[in-house]
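Right, one structure below, let's go through it.
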Amino acid sequence: MTADDLVSLRRDLHRKPEPAWREFYTTARIVDELEARLGDDLAALHVGPAAIAGDHRMAVPDDAELTHWYERARDAGVDDDVLERLEGGYTGAVAVLERGTGPTVGLRVDIDALPRSESDDPAHRPVAEGFRSEHDGAMHACGHDAHATIGIGTLEAVAESDFSGTLKVFFQPAEEVVGGGKPMAESEHLQDVDALLAVHIGLDHPTGEIVAGIDGFLAVAHVEAAFTGESAHAGGHPEQGRNAVQAMATAVQNLYGIPRHNDGATRVNAGVVEGGSAANVIPDEARIVAEVRGETTELMEYMKRRTRRVLRSAAEMHDCEVEIEIGAEAPSATSDQALVSIVADVADDTAGVDTVLERDELGGSEDATFLMRAVQENGGTACYVGVGTDHPGGHHTATFDVDEDSIQHGIDTLAGTIERLGDR
Amino acid sequence: MTADDLVSLRRDLHRKPEPAWREFYTTARIVDELEARLGDDLAALHVGPAAIAGDHRMAVPDDAELTHWYERARDAGVDDDVLERLEGGYTGAVAVLERGTGPTVGLRVDIDALPRSESDDPAHRPVAEGFRSEHDGAMHACGHDAHATIGIGTLEAVAESDFSGTLKVFFQPAEEVVGGGKPMAESEHLQDVDALLAVHIGLDHPTGEIVAGIDGFLAVAHVEAAFTGESAHAGGHPEQGRNAVQAMATAVQNLYGIPRHNDGATRVNAGVVEGGSAANVIPDEARIVAEVRGETTELMEYMKRRTRRVLRSAAEMHDCEVEIEIGAEAPSATSDQALVSIVADVADDTAGVDTVLERDELGGSEDATFLMRAVQENGGTACYVGVGTDHPGGHHTATFDVDEDSIQHGIDTLAGTIERLGDR
Amino acid sequence: MTADDLVSLRRDLHRKPEPAWREFYTTARIVDELEARLGDDLAALHVGPAAIAGDHRMAVPDDAELTHWYERARDAGVDDDVLERLEGGYTGAVAVLERGTGPTVGLRVDIDALPRSESDDPAHRPVAEGFRSEHDGAMHACGHDAHATIGIGTLEAVAESDFSGTLKVFFQPAEEVVGGGKPMAESEHLQDVDALLAVHIGLDHPTGEIVAGIDGFLAVAHVEAAFTGESAHAGGHPEQGRNAVQAMATAVQNLYGIPRHNDGATRVNAGVVEGGSAANVIPDEARIVAEVRGETTELMEYMKRRTRRVLRSAAEMHDCEVEIEIGAEAPSATSDQALVSIVADVADDTAGVDTVLERDELGGSEDATFLMRAVQENGGTACYVGVGTDHPGGHHTATFDVDEDSIQHGIDTLAGTIERLGDR
Amino acid sequence: MTADDLVSLRRDLHRKPEPAWREFYTTARIVDELEARLGDDLAALHVGPAAIAGDHRMAVPDDAELTHWYERARDAGVDDDVLERLEGGYTGAVAVLERGTGPTVGLRVDIDALPRSESDDPAHRPVAEGFRSEHDGAMHACGHDAHATIGIGTLEAVAESDFSGTLKVFFQPAEEVVGGGKPMAESEHLQDVDALLAVHIGLDHPTGEIVAGIDGFLAVAHVEAAFTGESAHAGGHPEQGRNAVQAMATAVQNLYGIPRHNDGATRVNAGVVEGGSAANVIPDEARIVAEVRGETTELMEYMKRRTRRVLRSAAEMHDCEVEIEIGAEAPSATSDQALVSIVADVADDTAGVDTVLERDELGGSEDATFLMRAVQENGGTACYVGVGTDHPGGHHTATFDVDEDSIQHGIDTLAGTIERLGDR
């Protein structure tokens, strides 16, 4: 792919960000691009239910939401045959390239967007250059548009190289809700992978920097709490209400107050809250969508335990009920030194790369860890690769953007590593 | 109207509840019914912008919301000519009956529903008898469906009586958001009213009880606060966020903690809250829709002052900005004894009425007070009438319903009072 | 007593304020004064355990505290014989005057101070004129120094009048902690009282105003909560702590947020809190001393129920235990019209009184209600009398003070009423 | 010193725990013991103001408190001459031993106790064996009684060895309030120290383990906030109060909710809180004694900044004023490898030591860092040594205790290291 091709594909995906399990347009666009570029060269192209272990999907939205995004993708004019295979929120794809004898190498890229609005500041490049999100309330604020592009670019580059072996590229849905890693890890496609690479752009590293081996993933769990109280006329009978919003506010205050832990980093965030129906009604319903993290799985469990206690007591304080759902979890993982060394070595020779770090700490979470652990448990190796990019706003913020030059750095480093991993 | 007519009309309105400024179907249905029953008997029928002083509307929803409900009303098959006159959220109507010389008597009924879901318990009569709300998230949980029906029934009853004078029935929109009372009070139609009656069903009084003169309205103000912070990756850089949900939760906790006042009753309710976009993003936006009340206007002002302080400080605590809008307010009011006595007298002779109370305290708010005060300031008199009805759930709750027998009690008492007020 | 005597006695008491059950100096001083002025004229003078039903004492401080104040009183040089009768916190006195046949009239005055510091502002009269509290952390901030003075002055005035009957003056301890009313109401001395007067100075009424019949006492309950968690090194192992201060803070926030009640006024106050031992230790102990009030006993019970729930849930939220003690309670009460009329009538003729109000609402609480109810249940009558006084600061604040002229108004009104109540 | 001497001295100190700047008995006892054991062997013994740079003292209690403890020490019968030199809270001592040419080696031990109660559980060894704290509300819950003993024991052991050089033992007061490290670091005595050792017992390491080089000290700052509002009668005029306890509770809730930081560990603790005067008075005063920590000085500054914001906004929310004092701070520090290696080497040969760790992370704070940094800035080296001890309860808890066998391990390791550091 030419530099223009890469930019053009990435921007098309950026314009149409789709959150978890709603990547209908995105998946179809990827399939389209792969077929156009590689066509019969691919040994297989598994799409939707054929790509993932559907039973393991986590944090799938309701039918109304799925339908809304499905129809929007149809309206955008994607291939109906592909689209129909994704119905019900079975998104994602696995592309397989077979090039003679040799090991099976995997590359995992995630493709979902975030449910947040993009900046409309004229200085924000997607605005200035006309590729801002067309989907109100959704945005590629974590660079997965670039990841999908890197996946396709790497596949093409390897296809054109002397690589000997099998390459599988996993286009994984629903990373942001920790929902897609497990079903992809449980799919049959991962079982025979000998070496797995995963990639992330940015992470506060500038353009020209490659990180061989990112560790320090925080284990994470998604938590949803639904408080139910009793409504009453707020003027006439406030005492008859059981106020779900008071319970929710008490919970939020105390969730953020869960004690820090001496064994390592912990996190908690009440990322989405809502409650009540009208100003003059004592609210009988409220909801918190939260997540907790820990530097180890034990620390994440500590946070979960404390979170449950806070939620239950807050409900009880205001005579409400609460239903707590622990939605999706991911473990932590570590990169294998053998792979780290190869990636570092290749990166050193990659054009445009001026700094190569061996190992760095993430401080965030990633459900790529499901795939890494699965491969490692089968006796394989895994490595998480960071591709630096100058990003004006932080990850998950309204002004996040990538320096598109870095897409090529990622493709070169990954394709070079994969070629090296093949039989000689 | 026969008893069956009353029930059938009320249930039709109950099935199609429309919240403030969205009473498109409701207004059209009322106009339809009036034209069918009274036709040329009416001296005038002012609809939509012709019925209210549009500049004074408060708490009008945004265009997307208005359009959604407008289209829904169209789909339900109402008269397009009427509907078009309501476009942009100018709902409500004023019907005028002229019957020779005599005073101008006003009757005000409100017609809007609440933005809350109705119970689907099979024991809830609207479910059992098939007239539960067809609009998800909206419900006639305060009896305004019965009020509209009483308005039409009373008009017809007076038309058939010996009444001498002019009767104006004000079908007022947007009472629940304290939004319609003022624009109706400011319209020219109210200027010449000599005696005004307003009516409410229920209020914890049983079927067979009439309250002549409800007082103790709490002054009320609607408050909206929008918090803006800064988002950040909740795992990667929690310290870079400025958390709008933490600000909101702190505000909620402290709003409910505003000190009680020795001069009389006060109220505060954070009736609707929401914030954040995703579990893994530090929330940069949150909102509170609240209301405060006071037994006097001074007490309401005290609550407003304290509310502003809480909102501002909560924002500052989490380094957020907050925009505060005081959306709509209503004063308190008192019923005039002259009218109270007539209503009580008539009620005593009304079939089905077994108890008549002179004066009772409401403990809630009502923007009928705008109309009552306007008439009183012009030298007229006003009286707020309560019509008892057995209601299984409290006002504003999911199981609220009215005993339909009481509709006739309301019509008889009001029509009888109006007739008495006419010239002899 | 001359005006100078009254001022001098009141100021002496003001200088030596003693909180509940610690009125050692105060009681001894009263006894002293009574013996000096009335001596053998008194039929009886019951002191300490002889004055109250000791088993019913509530909110008695611990021995160390009692001893501290006892020694301080001894050091101040009071009569050792009297002092010894008060040992263990049995304070208060009942003086009996018999003057022939006639009814038994009671007068109840309270004598305790508040555990709060007095202003040292030079403009505060007790500072300017040298009678500021000599007891750090204690202050007569509610006028009980004046009450005690009125009690003695009234007794002397009645003794010198034509009164025919029996007068008992109850010098009641521990009103501020709702602790002394019940033991005095349960003592034998109250059993034969036919008409009871109680008196309070100030209450936002100016000098020259008398209120015949104060009602609207809020029922009150005293609540103490002791939270126990587990300490830990705040730097080394914050996660091992169970933080009693977090539990306490959560409770305080939610106590003030208990919903207002439509049936009438409610109150809650976390008046004293404390917790923890050192900045670097996760606090394992915290305490709240609170009170709740209600316009009726039912409303007070509602507040108590909600308070318990808040305290229990706050403890649970932070994995702490909590012990809740409901310490002392007082009911509400109403003045009898027969007495109200006499007081008003006498007040009308009292020199210096320019305004007489019949009935007013207090909005506070008073354990005089125990005595009033006891007398009323025995078939007697009771009346609570307000004596206006210009007070620069509000009751219970650091700058509270009384206009000493009003002491005479109180004595004249009460003595006049008592004389009228005697046989003729 | 024999094992019995060590135990006996440590237990004597344990019985008489004295918090920061109140170590009157402790200092006098140390001076006494040094004079008895070493007498004229000492080149100098600097006591009180002569030992520290008094201007740099932080977190000194008020005069009443100092006097109370001073008198208590006098009553316990210590040498009046020594005691008088400590007046005003100038505690601590520096003992100097000169043994020919060679480097100046420093040993720093801290001597203060914590303001917390000791367990009275019969199973707690100090209870069982009769050396529980005799001072209510104070306890050696962090082993400084053992540190002082180690300081004396090491001095004696070095005096009896072949050490060539100068040894200074710094008996530092007020470590627990981060108050004594700076004044000792600023004293002239530290200026010529070439190598500094500091020691701590326990820290979750078992008896028989020595840690050569503890790092990971959290920088710490002590924060005090005094809220001032306005009192009012809680029943009569709650609206007139400005509630300092509500402000405090809001602050506590939000202090613990300060966002975690991705750059490393942070801590916050509201270790002591108090407010209000009586249940029926709206509280006009409240106080928080807190501390914040950070893995780096920058992180501690981040916590301080956020803490200020929370405190100020909480005050403003309840219309209160707040005075914030940042009382005492300590930086972080690192042990030098040269010293670490020697300590490890000596420990390996120490009787009773079965495990030697090179380097461990503390996760707490220590104002020994002031002394370590001062020596390092002068070109010297420093090392913080951990002496394992089986401790049943955690540091700062009511059941903390040390295994007295470990005192000898500390003395042997330190004295051995010091001897090695001397000229050969």
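Think of it as A, B, C and D in the order they're written, each chain with its own count starting at 1.
As a working rule, contacts are C-beta pairs under 8 Å (C-beta built on N, C-alpha and C of every residue); 3 or more make two chains touch, one makes a residue touch a chain.
If you want to know which protein each chain is, UniProt gives these names: A, B, C, D = Aminobenzoyl-glutamate utilization protein A.
Nothing here was measured: the structure is a model prediction, and the numbers come from that model.
Q: Going only between touching chains, how few steps reach chain D from chain B?
A: 1
Q: Considering only mean CA positions as chain centres, point out the chain farthest from chain C.
A: A
Q: On a C-alpha centroid basis, what's the spacing between chain C and chain D, in Å?
A: 46
Q: Express in whole angstrom the distance between the two chain centres, defined as the mean CA positions of chain A and chain C.
A: 66
Q: Could you pull out the residues of chain A that touch at least 2 other chains?
A: Each of 236-238, 243, 246, 250, 253-254, 256-257, 259-260, 262, 267, 282, 363 in chain A touches at least two other chains.
Q: Touching chain B in the complex: which residues of chain D?
A: Residues 236-239, 241, 243, 246, 250, 253-254, 257, 259-263, 282, 302, 309-310, 312-314, 316-319 of chain D touch chain B in their complex.
Q: Contact residues on chain B for chain C in the complex?
A: 253-254, 256-257, 259-260, 262, 265-267, 363
Q: For the complex, give me every residue of chain B touching chain A.
A: 114-117, 137, 176-177, 203-204, 218, 220, 222-223, 230-238, 240, 243, 245-246, 248-250, 252-253, 256, 267, 269-284, 286, 289-291, 293, 362-365, 394-398
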